[in-house]
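Should a chain be cited, it is by its letter among A, B, C and D, assigned in written order, with residues numbered from 1 in that chain.
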Amino acid sequence: MAGNSFGTLFRVSTFGESHGPALGCVVDGCPAGIPLSVDDIRRDLRRRRPGHSPGSTTRQEGDEPEILSGVYEGKTLGTPIAILIRNRDQHSGDYEGLKDLYRPGHADWTWELKYGLRDPRGGGRSSGRETAGRVAAGAIARTFLARDGIVIQAWTASIGGIHAPVPGEEGFSLTEAEQNSLRVPGKKAAERIEALLGDLQKAEDSAGGLVSCRISGLPPGLGEPVFDKLSAILGRAILSIGACKGIQFGAGFAAAGSTGSAHNDTPVRGTGRPRAATGEAGPLLPGEAAVSPGPPDLSFKTNNAGGTLGGISTGMDVEFQAAFKPVASISRIQRTVDRYGAEQELSVPGRHDVCIVPRVVPVVEAMAALVLADLALRHRAAKV
Amino acid sequence: MAGNSFGTLFRVSTFGESHGPALGCVVDGCPAGIPLSVDDIRRDLRRRRPGHSPGSTTRQEGDEPEILSGVYEGKTLGTPIAILIRNRDQHSGDYEGLKDLYRPGHADWTWELKYGLRDPRGGGRSSGRETAGRVAAGAIARTFLARDGIVIQAWTASIGGIHAPVPGEEGFSLTEAEQNSLRVPGKKAAERIEALLGDLQKAEDSAGGLVSCRISGLPPGLGEPVFDKLSAILGRAILSIGACKGIQFGAGFAAAGSTGSAHNDTPVRGTGRPRAATGEAGPLLPGEAAVSPGPPDLSFKTNNAGGTLGGISTGMDVEFQAAFKPVASISRIQRTVDRYGAEQELSVPGRHDVCIVPRVVPVVEAMAALVLADLALRHRAAKV
Amino acid sequence: MAGNSFGTLFRVSTFGESHGPALGCVVDGCPAGIPLSVDDIRRDLRRRRPGHSPGSTTRQEGDEPEILSGVYEGKTLGTPIAILIRNRDQHSGDYEGLKDLYRPGHADWTWELKYGLRDPRGGGRSSGRETAGRVAAGAIARTFLARDGIVIQAWTASIGGIHAPVPGEEGFSLTEAEQNSLRVPGKKAAERIEALLGDLQKAEDSAGGLVSCRISGLPPGLGEPVFDKLSAILGRAILSIGACKGIQFGAGFAAAGSTGSAHNDTPVRGTGRPRAATGEAGPLLPGEAAVSPGPPDLSFKTNNAGGTLGGISTGMDVEFQAAFKPVASISRIQRTVDRYGAEQELSVPGRHDVCIVPRVVPVVEAMAALVLADLALRHRAAKV
Amino acid sequence: MAGNSFGTLFRVSTFGESHGPALGCVVDGCPAGIPLSVDDIRRDLRRRRPGHSPGSTTRQEGDEPEILSGVYEGKTLGTPIAILIRNRDQHSGDYEGLKDLYRPGHADWTWELKYGLRDPRGGGRSSGRETAGRVAAGAIARTFLARDGIVIQAWTASIGGIHAPVPGEEGFSLTEAEQNSLRVPGKKAAERIEALLGDLQKAEDSAGGLVSCRISGLPPGLGEPVFDKLSAILGRAILSIGACKGIQFGAGFAAAGSTGSAHNDTPVRGTGRPRAATGEAGPLLPGEAAVSPGPPDLSFKTNNAGGTLGGISTGMDVEFQAAFKPVASISRIQRTVDRYGAEQELSVPGRHDVCIVPRVVPVVEAMAALVLADLALRHRAAKV
């Protein structure tokens, strides 16, 4: 298990190098009977493609997916779903000068040390292009979850220190986030960030940022103690995305400076959500109905917990935020070392993004979907 | 797999409820031939015990471990190492009044909803007492890692908003951290925090805090792409500790506001560490020697990356910080709901800590040790 | 994962050496809400104890189990169930002369070569005593399965070439099998085998034999394609029992000489079993009810398939037979090699069985129960 | 984990339906640095193709593999190796009449019951065509193992009750087995079997048979106690091949009627093999060299054990035999039931083999190779 698989019951394996023949994924364990079309996959892959803002690579990734197996007459069969995405428009020549140089901030040296060799073209499998396979698999998970009203939405919370409005704040709009190529939920912030990215491009530099994510419609009960808490598995999933340097749930790091009386979320009666959305009696969790009378419906006055208690979903929105470092590839001259141990200067060529954050948004959603689909299936085994 | 196991090759399973007969762990996959005694386990368990500061529970957890298997004549056999820790001094009566009440900030309700029943005595398996099994297993991993010069040390970075000195800052001392029961690496900060905890105890309230951790002596090459990056697996491990709300590596959340030119760590020749500590030619990673000539030794001028690139260790210190929420159990009156759906008031009885952070320090170290032991073994399979 | 764990969702880890302090198991993933007492465990452990026939060791294995966790007020909590069995009446001195000798037919040499050291007392973990942990875990699985009417019964089919009656044959009686200590389902065969074992004991020799097993009440649908077919997972489970040299399902090896027209089992309408026993609408497989109208109930005129098609249970009895080699420890003089490479003669001392087959019967049942409990839980994830 | 993955460190996932767009596999965990070309894959796939004997389907499976990832400049990268095999020459129309009929001896009904729907074209994923993915993956494992002199060879031991010569017997020739399309290691037996298959074809019937396999050059030490014994994992691997009804190792079922004094293999000094083939000091198992002085080299006078003791390889040849039932698809009229519960007659149309055994030979080898590659990598973690 060299680390390219994820999940226990809803399990994805991804494959592919940036400039190899193809990328893709195999999803084993998706339940049978779910309507699934290539359009469901294509939609999410498109959201991952380079945009048209100043900060975006000009590589044209067609990313046309093909479903190779696991679907028959428009429905999943319960067998592995393999998805193939051919690589096109590779400019491998761009990387010719880099095969003996270790790019700062990249995995070139660690990879070569670990494996004894590497594919230098576009970073090989350590490239961000690897996430295409994740997004394809996540689209399947999302389709499965949508049947139970579970919605996952992420957005750009900040870039280069410029913050977008936060939920509840004036100007915050997820519709807006989907309309601008930066995935920023506020028009003014989007404009300021676009300007910043233009400046950075001229300066041959790059930016990092924050991605926020909200999962709504999630039934309570998902997540497994002790090591497989919902937050722990989500954390691993998001931290496995290249460039991710941190994650926080609910009140997050601010909770460390708070007090119990201020931080504890007060339980109140009722879910505050329509029964149909809770999932307890729905097709996702068929075992639930057997429990009688069972604990009462609860909700919470606040959501400092970010939607989990003891690692198990509470039915409140799951909310988290992840930090991504600036793009490592910059045209500006940097110092480094070559494979013969000599110190060198380099300017990273190729068509790289100034900021990867807007394109990470669908990847964060995909990873969250994979986590939830797996935990939803595992939850079915919790009680008799 | 209900979530009580961790690791692929160096694999631990833990068991036990807070007020049941015993807790413990089974470690499967520890290599044979490692000297191991019950003292190695006892030492780490003692660091986890309640201290004598104002913020500490008065429950006397003897936590005397017994090695049931896997060790013969002082050496590991390669077979499962089972460790038993009997529960003593339980005051289960304290929890009698709580069996029908859902404590705010605890997993009572989510657990009952998930499983249909729960052990209300001390929170059952959702109790922090569960971490005794982790610490026992971590002590084994630590013994294994120490043979290669890998050292893991965590400390209290802040409590209730009062920050300890950071590495490099005047007054920062890990010796000091081990000497005070708060694990704070600075005398003055320790005194201020002790005062704060006294105040909070009088106010029937509690505090959260930050734990920092540094792993030194780690050879480069550990961690597996894509989903099993060192940072991702460490993240899952730490986020699986109860009350953890976030984690960041290296520059962490600050990286989100930085630029590529400022954030990228510049590679330089040589490791800056004695060859013996790198592990490349050592017994941990026997395959390394076969690579010839292989990439040159590198080090980095800075360590914004926190010791990993592309999810693989660089040989620099691995550095991370985790946020823990305030203790949920407070004596102050809180509102909640009972299992019949009625709103109630409660004051959580029992002997609870005002701040769990100092006792989390050895748990963080244990989880980090488990991660590294597993990735060290997995790394052996990376190349021919 | 050094191989001491088994199962995906209903997952057991066992531990313990033959002459160490204790043996036991941890079962993670047993659903919550199942009535379970120490008597349920004790009952199966007793069936595994040495009997009083000529062929049985005189070691008195009290095998008193203690439930350390996972059960509260007589019901499973959904948390890990740890069971402890203290070793008693070890005569480790018997093995003093063996620590430098590799016993023929035992794992002494392979073990020492693999791990660099071994516990020579009673074979350490390679001892048949290791199966106590399996039987304890299997008792939990059996309790879970019994709720749905699934019954697993094994018996001694032959010893030393003397065959017991087969199902359908005159004299075949499973009641009889449970009454004699040889687990032979026929009085006359039992007497003949008892005489043979007496002869072999005098001759300082040992015998092997066959164990047959029948699983009835199993609902159709259990087993996962491609690699996790019910027969494949059962095969691994049974072949993992020490001394097992082969397994066959249904017609087994005889099928290799048959023709399609003779071997194919003809489907007929109806289950031939009371609806309540099919499990389709029962609590085991709650998702089943959602399928409408679904395929009709089927049964088969014959059962050459042994209860599976395409690796999935058909609802017919699952039937298999396993071959066990003769006990390797014999008092008769054998030639071998010592750890210094010198050829030696030895007579294995200690209290060993002349034939292990009767005591393997409950181990076969335990492993089958573990397989079915796991596949039953996994099956819940098959469809929406 | 719906069962389409296999292995812990050297892990394969396969995908594809018989009449879908493609089949294939993803191998995660193959070490880096191994020379691998598409020819290595193609060679084994060709051995699996329909032959020209009377018993063979006339479907022309081109089975042209494409390596999509994981190989760069002719060497493995340590990243997932994905292999794609397009389906061609499907005659899905042949199966139109079968979509409402449950074919005897096939998984049609169990599959539909389990998943609620199925792909009726050629049996979908329950088709023997699924093994193409296994063979492709096995070719990678075989290439890895061949570097250490490990050779896996299987052959047809009997068909329809006609037995080929056994090793040591006059006329036994593995060269001959590779030259005739039946994989029978003896010319006369091959001719008799060919005649039998011609007769069965005329009679619209089919045959089963036995496959024997021998693994030579295997170093001692592979296999993990307790549940992951070499024999147990091999057993699962082979029993997971469609139509397999049994497996036996070494003396196998005959051991059940033997005595300890006759069955035990006597250890003797020395390996009886050239040192280079033992692997102890070779690149496969680098940790071995560290053990000093370690146990002496041993061999055994006989090999009733079939190459394992305590589930760990002894260095003797691993020998096993598997039984395969007759092909279920026959043209002869059979009775069955349709999806509306009505009893029907059917003659299975399509191009089916009279006997699958010769084509199973490379599948058996592939599964054995996957098992050994995985256990070889896992063995590296056994000692310090």
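Everything that follows uses one rule, which is that contacts are C-beta pairs under 8 Å (C-beta built on N, C-alpha and C of every residue); 3 or more make two chains touch, one makes a residue touch a chain.
Note that the structure is a prediction, hence the values are computed from the model and not measured.
With every chain reduced to the mean of its CA atoms, the largest distance from chain A is reached by C. Least-squares overlay of CA atoms from chain B onto chain C yields a rotation of 180° to the nearest 5. Rounded to whole angstrom, the centroid-to-centroid distance between chain B and chain C, based on C-alpha atoms, equals 38 Å. For this pair, chain A with chain B, the centres built from the Cα atoms lie 26 Å apart. Averaging C-alpha coordinates per chain places the centre of chain B 44 Å away from that of chain D. Of all residues in chain D, those that touch two or more other chains are 1-5, 8-9, 14, 29, 32-33, 78-79, 114-116, 125, 225, 378, 381-383. Residues 1-6, 8, 14, 102, 104-107, 109-116, 125-126, 130, 158, 160-161, 200, 205-210, 220-221, 223-229, 231-233, 235-237, 239-240, 242, 244-253, 255-269, 291, 294-298, 304-306, 308-314, 323-330, 332, 334-337, 339-341, 343, 378-379, 381-383 of chain A are the ones touching chain B in the complex.
Chain contact summary for the complex, chain C toward chain B: residues 1-5, 7-9, 11, 13-17, 20-24, 26, 28-30, 32-33, 66-70, 72, 75, 77-82, 84, 114-119, 124-125. Looking at the complex, you find that chain B touches chain D at residues 8-10, 29, 31-34, 78-79, 144, 147, 225, 283, 286-287, 289-290, 377-378, 380-384.
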